[in-house]
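The following pair of complexes shares a single chain, chain A, combined with chain B in the former and chain C in the latter.
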Partner chain A sequence: MRRFFSVLLAVVEKDLRLEWRTKESLFVMVVFALLVLTLFSFAFGPGGGSGENARAVQAGILWISFLFACVIGLSRTMGVERESTGFSAMYASPADPSALYLGKVVSVAVLMGIMELVGFAVLAVLYRADVWKSAGALVLIAASATLGVAAAGTLFSAMSARTRTREVLLPVLMFPVLVPVMIAAVKATEAHLGGAGWADSRDWIRLMLVYDVVFLVAASLVYEYILEE
Partner chain B sequence: MLEALGVSRRYGWRWALRDLSISVSPGETLALLGKNGSGKTTLLKTFTGLFRPTEGVVRLHGEQITREAKGRIGLLSHEPMLYAGLSIRENLVYFAKLFGMESGDIPARVECIAETLGIGERLDEPVRVLSQGVRQRAALARALLHDPEIVLLDEPYSGLDPEAAGRLTNVVRALCEHRGRIVVFTTHDLSKAFEMAERIAVLAGGRLVYEENVENSSEEDVSASFDEFPGGLA
Partner chain C sequence: MDRNERGVFAWLPVFTLVILAFAIFADLFIAGTDRLQGPPQRIFYIHVPSAWVAFFAFFLVFIFSINYLAKRNPDDDIRAHACAEAGVVFCTLVLITGPIWARPVWGVWWTWDARLTTTLILWMIYVGYLMLRAYMTEPEQRARFAAVMGIIGFLNVPIVHMSVEWWRTLHPKPVVMRSGGLRDLPDSMHVALWSTLLAFTLLFVCFARKRVQIERLNARVEEARAAREEG
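Up next, the complex of A and B:
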């Protein structure tokens, strides 16, 4: 078990160190999310529109911007592995593929988390959303959704990384699988931004947590075959 | 003993290896020769477990190559398998952890292997700024870091200047002299093969076309085995 966590932490440390040096993925992710949120704030007017649907629109825009930004970030992160033949190096080692996979998931989730902090701040400013009132709930929702997106994203980006059509293939593979998480994230975020609270969000959060567990376990088991050349 | 038994490997419709059987005993050094595309790299990667044979089996001491067995193999590939954005030291520490080395032993081992390969003073330089020769030595350091029982070197001399090649020859020779270690290397250089190896094997079209001990062999014999096949010597 100690060796498992040593490998996991080594992958996280390596990925975050590479990202800290280049800031390629994070910069692009944050800029993209900011652009989408800013553009839609103009489209819907100050406060992100009015009426009953305003919170639903805000939640939808927020998670769509996060999802697309994540695709860009994943492509870059896996691009580093492809350029360095990191997948082969990992597969040639005796390291547990589950630890390698979970390490990658954690790295991607950390980058997404930083991007989401900026995204929620923009939501508070441009859309006048009261994110502080339900900060705890929004953190839980964001964490659950981020884990799901990182779990699926890491798996599918590793699958598509060594193909010629990887930029097209990644969203085509990833988006359909992420539909449950995205719906749950939007619905739960909408509930808390609208002040409905836990009663309306509890089941969506549970759905995301179950998805996370199922996907993390299943992907951990098949990651070895994805690393194989 | 490292052995390939009836190994075939196909990429799409093209066979890279066809029904190839070869074995290397502990303490033995095997040179693999052949022109480009003859299957040398595929055979090395099949030995490491990176490629799964389409047919046949690869065994190490009578057992199939498992994940644990990969910890006893060191591969120097065409690709350096190093992260350009990290320093040599950071790369080596990362791979040491992947190979399950104890954290406390890693810094000393990294220093030791780097000194042996003459890159001790460049450990903290990012891989992206290194010359081809230094990068090759860094890649060799990665391959030898965990003191593997089986060392597989894919054209280790490519891109090296004479000084670096000489240093590498000394390292490979030291590896070969280690009792019980299996060393397999590919090369286009016949004289290097005769200088370093105890046995020479020639591949052509994915098949083994020549295999002989160095003392029973001559450069003419090996060259002739190339010439038996279309394309001749690479």
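Up next, the complex of A and C:
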């Protein structure tokens, strides 16, 4: 067990150090998320339109922008593995493939988390959303959604990175599978931005946690077949 | 190998055609016209069996994918591929016949009902599966990746369905009227429904078997080509 976690942490450390030195993914992810958040304001009107629906629109905008930005981060982190023959190294190493997978999930989730902090701040400013009032709930929602997105994203980007079309295929594989997380994250965020609170969001958060567990277990089990050469 | 098929399977396509002809006849003439919905209701006999066959096909993809990863028999990969392709064909039929029926009966082409939405997502997952296959060249790696996709995609379906159901029921929109349960159907409609279901299932088996044969031949062509280049 200790060995498992040391492998996991080594992967996380490697990925984050690489990111710290190159600053290739995070920067692009944050700027891209910002761009999408701004662009949606043009599409739906300032602040996501007016009236009751505005909170729902904002929650939707927020998660769509996170999901899109995450695709960029994922393509980058797996692209690096492909270019530096990281996949062969991972396959050749005696480490548990599940630990390698979970390490990658954690490092992707950390990058997404940082991007989401900026995203929420921008939402508060540009869309005048009251993020502080329910900060605790939003952190919980973001954490459970991010884990799901990172879990699915890591598995599918490890596949798509090695197809002929490379990154192009990633959203096609990943988005349909992430529908439950998207619905739940948007609905739960909407509940807290609109003031409905836990009564409306509780079930959605549970759904995301179930999804996270199912996906992480299933993907950890099959990851070794992805690494094989 | 596959060229000289013997036994029941040699006659399967002919048998399927006969049943299919009967089913079409039953759908159009034996089954009575629905009093409320009128003639558009008849599309039900195509729609429901297609849906059944599509779900069955995706379940088979799941089973063959697990089998492949466990035993590494290339035939299981070919079977999974064949089932996925045939499944997408029937799933597409479901998504086409649904709106054609919904337009006159519900007044809209589409509604974000849980079953409709789940079917749409399901279709997208398996189109993704086929695209993943199409964009990979190395057969062994393709088989492994596709198997992973076939397993994960199928496991995901119940969660998708649950989330979509909640999504629609937490904020109720006009509830879609569905015809009563199967027990309410008159006998003539049962004949039409079940004969079409049998015909489509057989048709699916024919499609999938043909596809498996073609893929096996393809694999042999590849082998022969590789052998010639070496020699």
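By definition in this document, the second predicted complex is superposed on the first by the 223 of 229 C-alpha atoms of A that agree within 3 Å, B and C clash if a C-alpha of one lies under 4 Å from a C-alpha of the other, contacts with A are read in each partner's own complex, and residues count from 1 in each chain.
Quick note on the criterion: a residue touches a chain if its C-beta (ideal position, glycine included) is under 8 Å from a C-beta of that chain, and two chains touch if they have at least 3 such contacts.
What you are looking at is a predicted structure, and each value in this text was computed from that prediction instead of being measured.
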item: Partner chain(s) touched by A:3 [first = chain B, second = chain C, both, neither]; value: first
item: First, second, both or neither for A:21, with chain B first and chain C second; value: first
item: Touching partner for A:228 - first (chain B), second (chain C), both, neither; value: both
item: Partner chain in contact with A:90 - chain B first, chain C second, else both or neither; value: first
item: Partner chain in contact with A:63 - chain B first, chain C second, else both or neither; value: neither
item: Intersection of the chain A residues that touch chain B with those that touch chain C; value: 228-229
item: Partner chain C, residues of chain A touching it in the complex; value: 155, 159-160, 162-165, 169, 172-173, 175-177, 179-180, 183-184, 187, 200, 203-204, 207, 210-211, 214-215, 218-219, 222, 225-226, 228-229
item: Contact set on chain C toward chain A in their complex; value: 69, 121, 124-125, 127-128, 131-132, 135-137, 141, 144-145, 147-149, 151-153, 155-156, 159-160, 162-164, 166-167, 170
item: For the chain A and chain B complex, residues of the former touching the latter; value: 3, 6-7, 9-10, 13-14, 17-18, 21-22, 80, 83-86, 88-96, 100, 224, 228-229
item: Interfacial residue positions of chain B with respect to chain A in the complex; value: 45, 48-52, 67-71, 73, 75, 77, 79-86, 90, 94-95, 97-100, 103, 142
